[in-house]
Every structure is written in C-alpha cells, then in structure tokens.
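For reference, the structures are reproduced in the following blocks.
The same chain A turns up in both complexes below, where it pairs with chain B and then with chain C.
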Partner chain A sequence: MDMTTIFGDYTAFAPMLILMVSALLLPGVQMLTKRRTVTWAFAFVMTIVAMAVNIIMLTGDFTGSSLGLVEYDGFTGLMNALFLAVLFLAVLVSNASVETTRLHVGAYYALMIGATVGMMFVASSSDLLTIFVGVELTSISSYALVALKRNDARSAEAAVKYVIIGGMSTALTLYGISMLYGLTGTTVIADIANNLTEMNWMVAIAFISMIAGYGFKIAAGPFHMWAPDVYEGAATPVSMFLATGSKKMGLAVFIQIFMVLFAAGTTCADIIGEEVQYLFAIIAAITMTVGNIVAIAQNNIKRMLAYSSIAQAGYILIILAVMNEYALTAGLFHMITHVFMKGGAFLIVGALICVGLGEKISDYKGLAKRAPFLAFAMMLFLFSLAGIPPLAGFTSKFFLFSSAIGGVDGVTSQWVWLAFVAILNSAISLYYYARVVKAMYIEKGTTTEKVKIPAAFMVAIVICVLAVIVLGIFPDAVFELCEGAAAVVMG
Partner chain B sequence: MLILIPLIGAIITLFMGGSKQKYAKYVAAVFTLITLVLTLFMMVNYFEDYSVLGENYAWIQTSLIQISFALEVDGLSILMVFLTALLSLLVVIFSVHDADEDRPNYFHALVLAMEVGLMGVYLAADYFLFYVMWEVTLIPMYFMISWYGGPRRHYAAIKFFIYTHVASLVMLIGIFAMGFQAGTMNGGVVDFSFATINSLMPMTSEAFQALVFALLFFGFAVKMPAVPFHTWLPDAHTEAPTGGSVLLAGVMLKMGSYGIIRVCLEALPLGAEYWQWVIIGIAILSMIYGAYGCIAQTDLKKMVAFSSISHMGMVMLGIGCLTEAGIMFAIFQMFAHGLITGILFMVCGMTGHKVGTREIPLLGGLAGKMPMYALFMMIGFMASLGLPGLVGFWGEFPLIFAFYEFLVEQDLLWMILFCLLSLMLTAGYYLWAMQRTLFGPETTKIDLTHAHDVSKCEGIALAVLVALVAVFGVWPDAALQFIEPYTEWIIGVI
Partner chain C sequence: MIPIEYFLVLGAILFAIGAYGALTKSNAIIVLMCIELMLNAANINFVAFGAFNADVMGQAFVVMSISVAAAEVAVGIAILLNAYKLRKTTELDDKQLRSMRW
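Then we have the complex of A and B:
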C-alpha cells in the first residue's frame, strides 16, 4: 500500500500525525465517555494504526520529507518502529495495572503518546533545533507522567528530581547549540560538520556541554543519579516506558548529531573527532561500570533494573567511541533487543505489583512455584540482559562488543580495552541477575499460593518472550534493517 | 540429529510434573538411548572411510557477517560425542533412585539439556555456534548444583557459574579477533566457520597468534581446569549431585582440552609454539598440585575432584609436547579419564548416599559390608592410577613416553622426574584412600546398619563402564584408530 495516496505531502509525517491527533483527542474522549476502558481502547487502537502505517512505510523503503522539517528514511523508520513498540507495550498493560487506576487516564495516555511523538520527531530531524524541540516534548511529557501519581510521596520526589535535572540538562544543551550556531551560522548538522574548520575553546565547550546535556537524558555516568529514583517512583508501565523508550531517544540524539558530525571526511572530524571518540569511550566505560557495580547493592528490583539500564546505555555508547557503520548496526540492534528484554522485566515487575507482590528481590522468593511461567520469563529476560546465549541479548552483545575489537576491515587494537571493560562488566552483571533467579527458583517462599496476573500483562510478556527468543536465534531480518539504517546515517 | 533428540527429550521431561513425574526417567532413558544408538551408527559410518561427517545450514547471513549452523564430526570429536551419549544414558540409569526423591522430571530435563549443550560443543563447526553451546552447558549445570546439591550448593553453583562465564567471555574476545582477522583476509566478509578461520589463521603473524592464543587458552584452561584457575572445581564437585559430577568431570572438563586442540592448535600453531613452555609448566603444576591436593583431602569426592585436576594436567602435558604421539594420547587420555571418572564419581556418590558420609577418616572396613561396592571402587582406583590392562594405563604411560621423547629432543631429561613424582603421588593417595575406606576393621565411628550394597540400576551403570574400561584397556587400538587420522592431519598443520 502506498501511503502517499492517503497522506500526500505529509507522508513523512504520517505516523506522528496520527499520534498527535489522538493525543489531542484523548482528554476529550475521556471527558465524553467517562470510561477508562474506552479511553484505553482508543489510545491502543491509534497506537496500532500508527505502528501499521510506520511498518508499511519502512518495509516499502519509503524516503521523503515534509514541511522541510521532518525527514523519513530507513533510520527514522527503524527508530519509529522501536518507539512505537515501546508505546504499544506500555499502553497495552496500562489499563490492567493497578498503579494507574487513580490517575486521570485521559491525560495519562495523551502524555505518553505525546512523549512518543517527541521521540519520533527526534528520529526524523537533521537539525539541532528540531532535535531540541523533540527532546523537550518528550521530557516535559515525561515529567508530568512521573508526577501523575499525585498521592505518592516517592513519585513526587522523583518528579521534582527529574524536572530539576532535566531543566539543567536542557539549559546545557541549548548553550552548546547556541555556541555552535554562533560559530557556524547554521543549525543543520550536516552543514555544521563542514563549516567547523578551526579548533578553539568555543568548539570544545560547545561539544562538552552538548554531551553533558544529552548525557543526562540517557543517564550516562556521571550524570545518572536521577534515573533510579525516577524509575522507582513512577508507575511501573511508566518506568518501563522511560527506561526503554526515552533512553533510546537520547541515544538516537547522540547518533543523529555525533555520527553525522564525525562521519569520515568532515572537517569537524579532522579537528576534534578523535578527542570526542575518546571522551565517549571513557563515558561508556564509566557508565557501564557504575551501573553494574551499584546494581549489585540494590534490593529493590526496580532500582536494580534502573541501574542495569544505565549499564546497558553504557554498552550502547560503545558505538560512539568506535564510530563506524558496523558498530552502529550492532548498537541499533542492541537497542531493539533491549526494548524487549528490559521491557519484559519491567512488565513482570508491574504485573506482580498488581497482584500485591512487593518490589523487593526478597519478595520474589519461591516465585517459580507460585507462577512458573512468569518466573521462567523473568529468567529469560535477565539471562538475556546478562548476555547468555542463545537469547537476543547475547546475539546483540556479541555484535556490539565485537565492534570494539574490529570490523569488516580487520582487527583494530584501539578499542580493545573498551571491549575488555564491557565484557568484565557483563560478567559482573551476571551476579546480580543470578541473584533474582536464585530467589525465584532456589529459595523457598513463605507461601505457595498461585499467582494470577491480568491478561493484558500476560499478552505483553508473551510478546517479549517471543521477541527475546526469536531475535536471539533468527536475528537476520531485523539485523538487515539495522544495517540499512546505519548505512543511511553514515551516508 | 544428535542435538535435536535430547532437546526434544528435555522439553518433554520438563513438563512431566505432578503424577507423571515418575515416568520422567523412562522418557529420559529412551531419549538418551536413541542418541547413543545414533552415535554408534555414526561411529561405524565414520570408521568405514574416515571422512568428516557434517551438516550445514545457513543461520545468520547478512552482508557483513556469515554465521552458519554447521555440525561436523571427526577423529577428535567422535570419541567425545560417544562419551557424552554414553555417560548421559548411564547417569539417567544410575540416578533412578536418587532422582526420584525430588522432582525427577526437572533432574532428567537438566541431564538432557546438558547433553544438548555438550553435543553441541563437540559437534559445532562454527565459532558462533560453538560459543553458544559452550554457554548453554552452564545453565543446566548451575541448576543441577543448586537444586540437587549438598549443603553449600548455592555458593558452589554461583562460583561455578561466574568463574567459568568470565573465562568464556575472555575466550569470546579471542574469537572476535580471529573472526575479524579472517574477515579482512577473506575479502571483507566476517565468516565464523571453523573451516574458514582455521585455514586462514595459521597464516597470520606470530605476535597476533600469540596474543589470541593467550585469550583462548585462558578460557579453555579455566574449564579444564588447570592450576591456578582450578578453585571452582572442588567446590562444584563436592556440592553437585552424583549425576552432575559424572557429567561435569566426565565430559564437561574435556570441553577445555577439546577447545585447546580444536581451536588453539588448529588455528594458532605459531601461538602454541610461542607458549609451549607455559603450557608444559601449567600442566606439570596441575599434575603435581592436583596430586598433592588429593592427599590432603578427607572428603572422598573432593579427593576425586583433585585427581581430575591432576589427570587433566596430564592431558595438557601431552598437548604441550606438540608431537603426534603427545596429541594422540592426550585425546585418548581424555576419553579414558571420562570413563574412569564416571566410575569414581558414581562410587563416591554411593558412599555418601548409602553410608551417610564421605569423610575418609570416618570410614573403614566397608569391603566386608558392601563387597560389590568395594570391587567397583578398587577397579576405578586401579584404572585411574594406571594399572596395566585397564584403560588408564594407555592414557598415562604413552603420554609420559611422548613427553620423554620430547625431553630427549630438548635435552632436558631431568624434567621427567616431575612426571614420576606425580605418578607416585597418584598411586599413593589412591592406595591410601582405599586402605582407609575399604579394608581394616569395620568402622565404629558411624552407624553402618543401613549401608546397603550396590543396587541393580547402579550396578548396571557401573558394570558398563567397568566393561569398557577393561575392553579399551586390553584393546586400546579400538579407540586409537579413530584418533589416528586426525592426529596425522593436525601434526601437518603444526
């Protein structure tokens, strides 16, 4: 099906357009019907429509631009698909989750969809200003989403922390962007890449403040402190949404800006490329190490997953140190597998909260007896995160870590140390994932009463399980999409 | 096929909970038996023309990376495949009563899952698949120790898991390096198959080979395990259930030495030459330290665990010679040790189960009460210390002879003393342990009224192993014929 016959000049904009319209309509739907489930169904159907449109465009190799603002290509399509998958999972379970029963659901879904539009906007822009706008749209929606649990003190604390740190990072990035604009007279990334011909302290400050600013968004070390509090305080579907979706947006920003700026042959790469690569390598190493080591000490499973998310962002940052097409392919693939394994783990936590189980790891004792399938699924997700074959997390880590050792051009010794750090981290992470598995399977619980979770959660978890297994064993198709997307970004 | 059948079996037994769980053992036995029969067919087939048998399916094929689901069997792997199939079946038979006590369906599912992983490791002809299977063996073993193990099982299981996982990750880096290096030499396509990598790698520079060899060797040496990376083994063995120990020592440790020959020697011959003395040093250290460790143990099973370290050290010594005889008998010793440790760990397991303790100082005079048990134990110990006529002899003495030849060439004959020392210690600790447990006055320190002799199923499993130990002891050629064409070929590579 050709989408241009329906959307005309706005085709590149189509998936976003559908979501935007539904986000605007959602509070009205809630007002008129006063029924939670109707509102949910509307949001859910619109998500599926947007996803279908995007998949048709992606598989049809659509490329084009709208309004001179939004561009759609293989990379955009892939990232859109990823963001929509996150939205799909989050919306799917939201109606069933007890954590959302007392919320204003019209606003809840509108904000979630709005945040997704922001992410997609980021993935479709090639201009610093539009990227900035997209990031802000996502951030502001997320602040409100976290704060929506009005009666919960933890939620309020998380939201305040999130707003303050988010505001600071916004200020930093804006500062960096304005400096770059002052130096080059443009905000189009590809033009900046070739207009920047001279190294001076202004360039350095501009890059540092942008890296720091967007580093906050992906919770890269040492800018990660907010993440565990926010994920712990927010409703679990929201935590899942933030940990898998909005973090990927931050990474997409890095890819969109820095991979283009420092692609081979730009003047920008000549003057500061190597320094920035090293900076990213150090940030990646710090991020994964801090994430993994602190995760060991956590007793709250949401916090543990939050720190493991930080570590995973660290792994993905390897692509910005290595900066070649193979690494980017592997990184994109890891971003996709991460959605399902981390998303699945958060979904199980959310589902168990619905049936009254706590968030402590000790609450999971004996879960294998109480809910064999859930325990098994959780084990799959955690082992996948740790990189145990033949699960998706192993396959994507295999490609990602290997990119630090070499590529199709042979072995490059420059980043081997980074691969070592990553692999040691991977081993550390096995320890805290295995703790949860041990609690579920080996330790005896206080009760053997069976657990029954809402059907919507079950569906979402089954989707994640299938994805984790299929992407692990048959990664071909998705990996090829990633290859295509990486080729687009690297020109 | 050999991978698929245990996999199906594992899935079926896994779901045989509740009232059906007492039938799990029959299902497991049938599936392991089918696998063994298929293996035997394959061996006969292989024997006819010595050709390399294999299957190959495209798996992950993109423009950058090519990974295939390739399986192959040759002279190096065929005996290991046989050992895996045999020991899996015997473990199922042996554990019939033990396992029935607690969730037998899970126990048998784990045995079958182990078989899947082990078969995969020995059959894989693609580095990606090899690594995947290598890691797949970890998970069932982890659960086997932590569900069915002794009192300190949680500690032992997690130690085993993390220790060997770290080692395999280091190995993975080595695999990456080889893959990419081969990719450049191959015109930009990264192909992880054994065929491509093992044919291109020997052409690389010595520095590169030495570096990659070190990474891979570390991964394999931890698995073997070689001193000083052995500490996970005694813990894992002491806590593991008997069936787990048999598979762990009988087949899983061989993954390490298999990997050294398959990967390190085939792909990186210059690296092997570069590190030759380090290999020999580690081998001698393992042999002697393992044997000393045995003397110090009071737990019968821990003693056998240390003896595994010592015997695997001998395998490494053979590999370290880099001569045809050395490698040939190293492979034979892997096979022989697999059969013998099977007996030893079954006997140890029975001691714990029937007598109630495995502490040697508490035991004594068991031969009167349990004659069959004593007989099996004696045969096991004798075979392990290298009594002529049993399979252990053909594992050990030709190895020492190969080392001797190697030393004559190097003009370092005094080093043979290390071997003699280790042999003396081995004979010493086995005889001493036997004397203290089996003979002398019947112990009064523990209650022996409930000690029964070998049961029927246990007897069958042990008798099969003893028969094989004896058959290969008088007719080692039966096994050597499989190995010989392979060693001839690999010596050409080196």
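Then we have the complex of A and C:
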C-alpha cells in the first residue's frame, strides 16, 4: 500500500501526524466519555495505527521529506518502530497498573504520546532546530509524566530533580548550538560538518556544552545522578517508558549530530574528530563503570534497573568512540534488544507492584514458587541484560564489543581497551543480576501463595520474552534493518 | 555599529551568572530563574549571530527557544507547587527533598 495516496505531502510525517492528532483528542475523549477504559482503548488503537503505518513505510523502503523539516529514511523508520514499540508496551499496561493516575487519564496518555512524537521528531530531523524542539517536547512531557503520580512524595521529589537538571541541560545545549550556529551560519548538520574549518575556543565550547547537555538526557556519567531518583519515583510504566524510550532518544540525538558531523571526510572530523572520539570513549567507560558498580549496592529493584540502564547507555556510547558503520549497526541492534529486555524487567516489577509486592529485592524471595512464569521471565531478562547466550542481550553485546575490537579488515582497532572495560563490566553486572535470581529461586519466601497478575501485563511480558529469545537466536532480519539504517546515517 | 564581541561577552557573562546561581542557590524557584538566565544568554547569541550573518535562522531559533523555555517554566513551577504541597518546602538542600540518594 502506498502511503502517499493518503497523506500526500505529509507522508514523511504520517506516523507522527496520527499520534499528534490523537494526543490532542485524548483529553477531550476522557472529558466526554469519563471512562478510563475508553480513553485507554483510543490511545491503544491509535498507537497500533501509527505503528502499522510506520511498518508499511519502513518495509516499503519509503524515503522522502516534508516541509523541509522532516525526513523519512531507513534510520527514521527503524527508530520510529523502536519508539512506537516502547509506546505500545507502556500504553498496553497503563490501564491495568494500579500506579498510574486515576484522575487525569486523558492527560496521562496525551503526554506519553506527545513524548513519543518528540522522540520520532528527533529521529527524523537533520537540523539542530528540529532536534532541539523534539528533545524538548519529549523532556517537558516526561517531567509532567513523572509528576502525575500526584499524592506520592517520592514522585514529587523526583520530578523536582528531573525538571531542574533537565532545564540546565537544555540551557547548556542551547548555548552550544548558538556557538555552532555563529561559527557556521547554518543549523543544518550536514552543512555544519563541512563549514567548520578551523579549531578555536568557540568550537571547543560548542562541543563541550552540547555533549554535556545531551549527556544529561541519556544519563551518561558523570551526569547520571537524576536517573535513579526519577525511575524510582515515577509510576513503573512511566519508568519503563523513560528508561527504554527517552534514553534511546538521547542516543538518537548523538547519532544524528555526531555521527553525521564526524563521518569520514568532513572538515569537522579533520579538525576535532579524534579528540571527540576519545572524549566519548572516556564518557562511555565512566558511564558503564559507575552504573554497574553503584548498582551492586542497590536494594530497590527499580533503582538497580535504573543503574543498569545507565550502564547499558555506556555500552551503546561505544559506537560514538569507534564511529564506523559496523559499530553503528551493532549499537542500533543493542538499542532494540535493550527495549525488550529492560522493558520486560520493568514490566514485571510493575505487575508485581499491582499485586501488592514491594520494590525491594528481598520482597522477591521465593517468587519462583509463587509465580513460576514471572520468575522465569525475569531471569531471562536479567540474564539477557548481563549478556548470557543464547539471549538477545548476548547477541547484541557481541556485535557491539566486537566492533570496538575491530578486526573486520584484519586490523585491531585502538579501542580494544574500551572493549576490555566493557567486558569486565558485563562480568560485574552479572553479580547484581544474579542476586535477584538467587532471591527468586533459592531463598525461601514467607508465603507460597500464588500470584496472579493483570492480563495486560501478561501479554506485554510474553511479547518481551518472545522478542528476547527470537532476537537472540535469529538476529538476521532485524540486523539487516539496522545495517540499512546505519548506511543511511553514515552516507 | 557595535562589534559582535560585545554581544558575545554579554551572553557569556549572563550564562556564567546563571550557571553560578543554578549550582549554588538552594531555593528551587531561584534555580529556575537562573536557568532562564542561561537560556536567555544563548538567545542573545542567536540574535547577534543572526543579525551579523544577515540570516533569519537565528531569530527563528530564538522564537522557538523562548516558547520552549516558557513551557518548561510552566511545567517546572507546577511541579514545584505540587512538591511544596506534599513536602512543605522548596529548598533543594532540605532533607525533605533529599530522601533519595545514590
């Protein structure tokens, strides 16, 4: 089916357009029907429609641009599919969760969909202006989403931290962008790449403040302090949405800006490429080490998962150090598998909160007896995050770390030390993941009463389990999509 | 005509004041105001560069960033109000707003 017959000039916008319209309608739907389930169904159906449109466009190899603002290509399609998958999982469980708001259901879904539109905007733009606006759309919606659990003091505290740190990162990035604009007279990234011809202090300020500002958004070390608080304070479906979706948006920004600026052959890469690569390598090493080491000390499972997702962002940052097409392919693939393994783990935590289990790891004692499937699924997700074959996490980490080692053309790259740090970190991470598995399977709980979780959670968890297993054993189809996307970005 | 350096220095000074305030002040409302200063420093840069390059993109960016900053402050103040209702404080180094650490 050809989408241009329906959407005309706005085809590159199509999935976003559907979501934008539904986000605007959702508060009205809630106000008129006053039924949570109707609002939920509307949001859910619109998500599926957007997803279907995006998949048709992606598999039909659609390319094009609309209004000179938004471009749709293989990379956009893949990232859109990823963000929509996150939205799908989050919306699917939101109605069944006891943590989501009972008061402002329309606003809740509208904000969540708005945040997704921002993410998709980032993935489809090649201009600093649209990237800036997209990032802010996601961020501002996320602040409100975190604060929506209105009577919870932890959520209020998390939202205050999030909005202040987010605001500072916005100011930093904007200052950096203004410097780049002043130097080159344009905000189109591909033009900036070739208009920067000499190194001076303005270039340094521009890049340092942009890397720091967007580093806050992906919670890269040493700018990660907000993430555990926010993921702990927010409702679990929202934590899941932020940890898997919002973080991928930040990484998409890095890919869109820095992979294009420093692709081989640009003048920008000549003057400052090497330094930026080293900077990213150091940030990646710090991020994964901090994430994994602090995660060991956590007793709250949401906090532990938050630190683990900081560490995962560190692994993905390897692509910006290595900066070649194979690394980007591997990074995109890891981003996709991360959605399902981290999303699945958060979903199980959310499901268990619904049936009255706590967030402490000690609350999970004897879970294998009480809910055999959930315990098994949790084990799969955690082992996948740690990188144990044959699960998806192993496959994607294998590609990612091997890109740092190099050897595609028989030459070992200079980033072998980074791969070494990453593998060491994976070993550390196994320790705290295994702690949860030990609590579930070996330690005895106080009761053996069976646990029954809401059906929506069950469906979402089964989807994640299937994805983690299938992507681990048959990565080919998705890996090819990633290859196509990486080729588009690297030109 | 005023040389562009003057604008850039003004922007840099504003940015530094904002950053200093945001990092040292403990009242969340003052911190939000300092963040506004930082954003406006960047806006001054944009307008100056736009005028000197005879390019409208700078102005367009400023219009966008002003509206983004307004939205951000609106949400930020709402969040602070909610936090004040629950925790009775807007001081960021108060124990009430530091229950979660590490």
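Criterion: the second predicted complex is superposed on the first by the 487 of 491 C-alpha atoms of A that agree within 3 Å, B and C clash if a C-alpha of one lies under 4 Å from a C-alpha of the other, contacts with A are read in each partner's own complex, and residues count from 1 in each chain.
FYI, a residue touches a chain if its C-beta (ideal position, glycine included) is under 8 Å from a C-beta of that chain, and two chains touch if they have at least 3 such contacts.
Since the structure is predicted, the reported quantities are computational estimates derived from the model, not experimental observations.
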{"item": "Chain B versus chain C as contact partner of A:F420, first or second or both or neither", "value": "first"}
{"item": "Which of chain B and chain C A:F401 touches, first, second, both or neither", "value": "first"}
{"item": "Contacts of A:G74 with chain B and chain C, given as first, second, both or neither", "value": "neither"}
{"item": "Chain B versus chain C as contact partner of A:G393, first or second or both or neither", "value": "neither"}
{"item": "Chain B versus chain C as contact partner of A:G182, first or second or both or neither", "value": "second"}
{"item": "Footprint overlap on chain A, where chain B in one structure and chain C in the other make contact", "value": "none"}
{"item": "Chain B contact footprint on chain A (complex, rising order)", "value": "326, 329, 383, 388-390, 394-395, 398-399, 401-402, 405-411, 416, 419-420, 423-424, 426-427, 430-431, 434, 438, 441-442, 474-476, 479-480, 483"}
{"item": "Contacting residues of chain A [partner chain C, same complex]", "value": "129, 132-133, 136, 139-140, 143-144, 147, 150-154, 156-160, 163-164, 166-168, 170-172, 174-175, 177-179, 181-182, 185-187, 228-229, 232-233, 294, 297"}
{"item": "Chain B residues touching chain A - in the complex, by the definition given at the top", "value": "60-65, 128, 131-132, 135-136, 138-139, 142-143, 146-147, 154, 158, 161-162, 165-166, 169-170, 172-173, 176-177, 179-181, 183-184, 188-190, 208"}
{"item": "Chain A-touching residues of chain C, taken from the complex the two chains share", "value": "8, 11, 15, 18-19, 22, 28, 31-32, 35, 38-39, 41-43, 45-46, 48-49, 53, 55, 57-58, 60-61, 64-65, 68-69, 71-72, 75-76, 78-80, 82-83, 85-87, 92, 96-100, 102"}
